[in-house]
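Okay, here's the structure, questions in a sec.
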Amino acid sequence: MDFRLTSEQKILRNSAREFLDRECPASLVREAENSGTGHIPGLWEKMAELGWLGICLPQHYGGLDRPFTDQAILFEELGRALAPGPLLTSSVLAAYVILYGGNDRQKKDLLPGMIKGEIVLTVARGDGLETFSQSSGLVLSGESSFVRHARLADHIICATRPAIGAWPDTTLVLADTGAEGVIMTGMESIANYPQCMVEFHDVSLSDDAILGEIAEGRVALELAVQRATVIQCAETLGRSHKVLEMVVAYAKDQMEIGRSQSVQHRCADLKIALDTNRLLTYQAAWKLDQSLPARDEISMAKAQSGTLSRLSTMTGHSILGEIAFTSGHDMQLYSNRAKLAEANLGDTEYHLDQLIAD
Amino acid sequence: MDFRLTSEQKILRNSAREFLDRECPASLVREAENSGTGHIPGLWEKMAELGWLGICLPQHYGGLDRPFTDQAILFEELGRALAPGPLLTSSVLAAYVILYGGNDRQKKDLLPGMIKGEIVLTVARGDGLETFSQSSGLVLSGESSFVRHARLADHIICATRPAIGAWPDTTLVLADTGAEGVIMTGMESIANYPQCMVEFHDVSLSDDAILGEIAEGRVALELAVQRATVIQCAETLGRSHKVLEMVVAYAKDQMEIGRSQSVQHRCADLKIALDTNRLLTYQAAWKLDQSLPARDEISMAKAQSGTLSRLSTMTGHSILGEIAFTSGHDMQLYSNRAKLAEANLGDTEYHLDQLIAD
Amino acid sequence: MNFDLTSDQSTFREALGQFLSVEVPIERQQIFGGRSEVQYQFSREINRKLAARNWLAVGLPEEYGGGGKGPIEQGILDQELGYHLILESGACGLTMVAPAIMAFGNKVQKDLYLELIAKGEIEFCHGLDTVEESNGLPSAERDGAGYILNGCSISNSYTDHADYMYLLVRTGDGFQDVSHVIVDMKTSGIRLEIFPSINGQTAAKIHFENVSVSDSCLIGEEHQGLHQTIYSPNYERTGLRRYGSIQRVFDDFTDFCYGSAPDGGQPLAEHPLVRHQLAQRRLGMMTMKLLCWNVAWLQSVGAVAIAESSAALLFASEERLRFAEMAMEVLGPYATLRNGSPMVPLLGNIEGIYRESLNLSESGTSDMHRNIIAQQALGMPLNDM
Amino acid sequence: MNFDLTSDQSTFREALGQFLSVEVPIERQQIFGGRSEVQYQFSREINRKLAARNWLAVGLPEEYGGGGKGPIEQGILDQELGYHLILESGACGLTMVAPAIMAFGNKVQKDLYLELIAKGEIEFCHGLDTVEESNGLPSAERDGAGYILNGCSISNSYTDHADYMYLLVRTGDGFQDVSHVIVDMKTSGIRLEIFPSINGQTAAKIHFENVSVSDSCLIGEEHQGLHQTIYSPNYERTGLRRYGSIQRVFDDFTDFCYGSAPDGGQPLAEHPLVRHQLAQRRLGMMTMKLLCWNVAWLQSVGAVAIAESSAALLFASEERLRFAEMAMEVLGPYATLRNGSPMVPLLGNIEGIYRESLNLSESGTSDMHRNIIAQQALGMPLNDM
C-alpha cells in the first residue's frame, strides 16, 4: 500500500504546473472561450512538444509510454489550469479508441500525427449512426449530437449502431470531417464549449475506414471510455482543487471571513471530498495500470466526481460572494466547466446505476 | 390570509402545555416506556376529563366539536411532552374510522366510551386480513402486524382486504380483543413502543361487527388516515420543536458552544425546517377544516415531517454530544420516538410518491 | 387560520393574470441567464401599464398614486410578475425605497418620490457595503447645509439604468453612526465601474469623489440608518417575485418531463428516480411559497419579519440551486445547451437558471441569514462573524 | 502508487479471516444497539487467542510480545475484528496507550505495560475532558515524589472493566501545562459515576478526590501533554475497526435487499430507488474504507496524520448515520423492531446501528474535526470555537 506519487510523478506534476502557470493564465482561457473554437493553437503546439498528447501511448508512435496513472496526474494539472483544446477528446478518448481498435496501419497513420498535434480526432457516439454495405462500398449515415471539437477535428471516429439487416454489434469507422455529406451545426453551450451536431448524409467510406473489424468495435470503445472516464475525474479533481485554493486564499486574505467557523467548515467539507476523489480516482487508475478489473472503481470515482463538482461550485460561489458571479472573476469559469465535466461520460446517476447493475 | 392562532386556540395551546408540564414530566414518559404497556392510566383519565380524546368529535357523543386545526394544536403539545398512551391510535385514527364508517348505533356504542377513556380502540391494517361469509355468519381470519396498543385495546378495527370470491373492496369490521381465536404476540420495538402481531383464527363476528357496509370501508378508512396523518405531523412538529428548545437552552448555558457559528447555523436550519413544517401541517389541517381537497397538502406535510425528524435528531445529538447518547438524557427519548413517527402512516418516500402519482 | 386570499384579492389576482396573459408575449419573457436591454425596456413598459391601473404600487396609499392596498396585494403582484418572467425593473423603488420613505421620510420627500415610483417613472438602485474595505460604506461629511460623499458602494441591479441610488452612508465615527440617503445618479463626482454578471445583468461599484449633496437627501434622522433597517416594517423582502419565476421554470420543466424525452424516447418522468426528484422539488417549491407568503402576511399585520424574511430568502436561494442541479442532472448534456442551439430544451432556461442560481448571495450571504435566524429568532448570542 | 497489500500482508489477512471464521460463531457477534457483558468477555477471550499467535498487538515490537509488524497489519486486524463484529475490548490500550508509551514512555513503563497490553491481559480506558467544566481536566498537584489528583474526567468505553486509565491532567496554571498519566483504577479516591448508553455500553464520569499517585505514572515529560497529542505518530485513530463493523452490516443489509422482502413480496432491491440508495451507500462505504486506510498508510510511513484522521472519523460518523437512516427508511416499520421480535430483520441490527449512529461525537465532535481540517490541512486561522 502506498498512496504517494513516485519522485518521477512529482516532477511531472510540478513541471506541468509550472508550464501551465506560465503558458495558460486565465486570460488565455477567456480568449479560448471567446474564440469560437475553444482552442489556442500556440498552446496546443507547446503541449504537443512536451509529449503530453501521447503521454501513455507507445514509443514507436511517438508517445512517452508512461503509466496510465501519469496521465491522470497530468490532467489534474490541465484541469486546474482549465487548459483549453481537445485534450480529453483527441489525445485521450479518440487516441485510446485507435490504440485498442485500430489496425497497425491506422495506428501508424493517425497516432504519430495526433501526438505531434497535427491531427485532431474526435468521437461521435449515440444511437443515431449506422453503416451499411452498398455496391460502392461502406456507407455511413445518421446524426450524432454533442460531438466535441468537431469543427477542429480532421477525423471523426463514429461508433455506429448494430442495426437489423446490418451488423450485430457496434462498428467503428473513421470519417473525414471534410468528406462530402458531412454537415456540422454548432451547439451553443455553457462556457461556449465547442461541440456540434454532425449529420452524415450517406457518406461513402473506403474499406480502410473501418477501425478493426465490422461489428467488433464495442470492446475497444469501452476500454477507451473507461480510461477517458478516469481522466475526466482527474480533470475535475484538479479543477475542484483550484477552487478550494481560491476560496482558502480569499478567506485568509479577508480575515473576518477566514475566521468564520462556517466558512472554515465548508472548506473542510470540500477538502474531504477532494481527498476522497483523489483516492477513488487513483485507485481506478492504478487498477487499470495493473490490468485489474476496474469497472466498479471507475464508476465510484466518476459518481463521486459529480458530487465533488457540485460541492466545489457551491462552496466557491457561496464564500466568494457576488463578485464570483461576475464575468471578470475566475470562479465562474470553473463552475461553468464543472457542468460539462459532470455530464460527460456518464453523470453521477449513471455511474451509481452501473454499481448496482448485475 | 392569516397564519395566526385564534385567541381560543392560543388558550388551548397554553393550557395544554401547562397541564403537560405538570402532569407529564420526562420521568413519567420513562415510566410508561418501562411499563410494558406504554400507558399511564392516571394521566389517561385526566386527559379524558379535559375532553382531549374527543376534541373534534360531535358533542352528542360527548366530544368538544372543535375545528380539526385545534386537534393539530393539541397534538403539537402532546408530541412536545412525549405524552404516552394510545392517543393517536384510539382517539384519532380509530375514532375517525368509526365516525366516518360506522352506523349510528356503533357510534353511540363506541365513541362516548372512547371519549371518556373507558374504551380503547386500535386499527389493524395490511393485506393479511380477510372476512368471508359462512352459514354461521361473518368470519375474520388472517394476521396483521404493527397493531399499535393492541394489548390495551378493547376492540380492533380490522381493515380486511378485497378477496377473490369475497368482497370487491375493503370491508371494515370490529373484533373484540378478547374473542376466541384472537392471538397477540408483542413486537419489541424501539422505545419499547407497544405493538403486536395479531392473528385471527376464524373469528366469528356478529352482523353488528361490520362498520358501515360490506366492501364499502375504503373511503372511511382513507378519510381517517388523512386526518391521522396530519395529526402525526403535528405530533412530530411538537417533538422537534422541543428538541430545538433543548439544544438552544444548552447552547445558551454553555456560552462557548452558544457562540459557535456552526452550532448557531445548525439551529437556524432546524428552525427553518420547523417553521416550514408548521406552515405545511396547518395548511393541510385548514384545508380539511374547509372541506377542500387536501391530499397533496397532507403528503407534502408528512414528507417534510420525515426530513424534519431526521434533522432534529441529528442536530440534537451532534450538538448535545455524548451525554445525549446516555439513557438518562431526554434527547434519546425524542430520537427513538422520531423513528416510530417517521415510519407511521407513510414515510417520506411514500408521500413523495403520492405527490407524483397521477 | 386562513391559507387563502380574500375574494377581493382573488379578483385582483385574476384580473392581473388576465392582463399579463394579454400583454406579455412569450418572446418578451425573460430567458434565464441572458437578461437583455430589450427585456428591461419591456418591463418598464409593463410597469407603466400596471401603473395606469394603479396596480404597480398596489400597496402604496392612493394619494401617492398607489393602489391603497397592502402587502398581500403587493405579494400577488410580485408573484405574478415573477411567474410571467418579467424582469424586476422598479423593484428597488417599490419594495425598498417607497416603504422607507413612507415610514421615515418627510412630506417633501413623499411628494417628490412616491408618485414617480408608483407610476414606474423612476428607477432606483440600492447601494450595499463593499466587503473588501474595512469601513464598507461611503463617508458623508457635514458641509454647510449638506454633505460631501466619498468612498464607494456596490449595487447589483440596473445601476446603469438607475435615476437615483438609495444607500447607507457613514455620518459619524461610531459604528452605529450611519444614515440612509437618496442620491441623484447624475450628481457630479459619481463614477460607475460596471461588472457584467454571468446572467446578463450588471453589478457595479459606485465611486463617490467629493460628491456634494444637500440635506434634503437624508431619509429620517441622521445616525438612524441601522435603526431604520431593523425596525422598518414592510422593509424585508418577501422573495415572492423570485419565487414566481422559479415556480414557472419548475412548472415548465415538469411538463417537459412528462412529454417525450429530448432524444424522442420515453418521457423522462417514466423513470422512478426522476419522478421522485420532481416530487422532492415540488415540495421545495411549496415550501418556498409558504415561507415567502409568511413574510407578506406578517407585513400585512404590521409585524417585523426579519428572521422570517431571512428564512424565506435563504431557503429560496438554496432551493433554486437544488432545482437547477436536479434539472441539469435529469437533462444530462442537453442541459448544457443555451438558447439558440439545436436540440436545446426549454429555451435554454435550465442552463440559464443554473447560472442564475450561482448568485447565492443575491439577497445576502447564507451566513448572514443563518446568523440572523439564530440571533433574532432563537435569541442566541452574537458569534464571531 | 499501490492500493494493494503485500503478499505477506495478504497472507496475514487470510490466516486471520480463517481464524475468525472458526473462532467466532454468529451468536457471539455483536448485536448492534445491545452490547452485553457476554460479548465483552468473549472479545477478551478472542484477544487472548490472538495474542497467543502474536497477532493482537501485531504492530508492537516482538520484544514486548507484539507481532513486530506495522500500522498496515494493525489496520488489517482492526478491520477484520470489526467485520466479525467483535467488541473493542483492549482497543484503547492497543491503539492509544501502547503507541504513546512506545514514543514517550520510559523503560520501566514499557516493561510494565506493553507486554500486558500485547497479551490482552489488561484493559485501559481513556479519560476525556468534561465539557461542562471550565477547566475540563482534573488537576494534578505536586506532592513530594508524586501528584494529588482532583477533579473529574469522562470516559466512554468499558470504564467499568478498565484496570488503568490513561488521561490528560492539568499540571500547571498555563493553558498548555497538561500532562499524560496512567492511573490504576483501584487507587483510593477514585469513584465512578456510570451513565448507561442507549447501545448497552456505559459512559462514566470518573471523580478524583485527593487521589495520590506516584511520579512514575507520568508518560514522558511534565507539561508535554499537548505536544504528545499532536506530534505522536500512530496516535491518530484509523477508524478501521468501526469501518469493518459498518461494512459488515451494510453487506448483510444488501444481501437482505436482494432476497425476498420482509412481507414475503418482491425483493426490496427490485425498487429503483432502493437500488440507487444502495449504490450511494456502497460508494460511501468505499470512501470510508479509503479514508481510514489513508491514515493507516500515513502511519506506516511515519507521517503525522491529524487532519486525515479527522477526515476519516468525521466521514465515518456521518456515513454511518446516512446508512442507518437509509436502511431504516427502506425497511419501514420493520426497521423499528428489536432483536427478539417476531418479523425482525437482520437480528435487529438496523434498529441497533441507528441507535449506535446517534453517538455522533463518539470520536470527537464534528465541529472539532472540521476545525482541525480547516486549520491543520488548509492553514486557516483559529476560529472562535
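Order of writing sets the labels: A, B, C and D. Residues in every chain begin at 1.
FYI, contacts are C-beta pairs under 8 Å (C-beta built on N, C-alpha and C of every residue); 3 or more make two chains touch, one makes a residue touch a chain.
Source: prediction; values computed, not measured.
Comparing mean CA positions across the assembly, the chain most remote from chain A is B. Chain B and chain D have CA centres that are 39 Å apart. Averaged C-alpha coordinates put the centre of chain A at 54 Å from the centre of chain B. Residue numbers of chain D whose C-beta contacts span two or more other chains: 273, 276, 367, 370, 383-385. Multi-chain contact residues of chain B (touching two or more other chains) are listed as 259-262, 265, 349. If the chains shown are joined wherever they touch, the resulting network links each chain directly to all the rest. Within the complex formed with chain A, the residues of chain D that make contact are 1-6, 9, 72, 269, 275-276, 278-280, 282-283, 286-287, 290-291, 293-294, 296-298, 300-301, 307-308, 311, 314-315, 367, 369-371, 373-375, 377-385.
Interface residues of chain C facing chain D in the complex, by the touch rule stated above, are 271-273, 276, 383-384.
Residue ranges of chain B in contact with chain A, taken from their complex: 260-262, 265. Per the touch definition, chain B reaches chain C in the complex via residues 1-6, 69, 244, 248, 251-252, 255, 258-261, 264-265, 267-269, 271-272, 275-276, 279-280, 282-283, 285-287, 300, 303-304, 349, 352-353, 355-356.
Residues of chain C that touch chain A in their complex: 131-132, 154, 156, 195-199, 203, 263, 273, 321, 325, 328-329, 332-333, 335-344, 351, 354-355, 358-362, 365-367, 370, 383-385.
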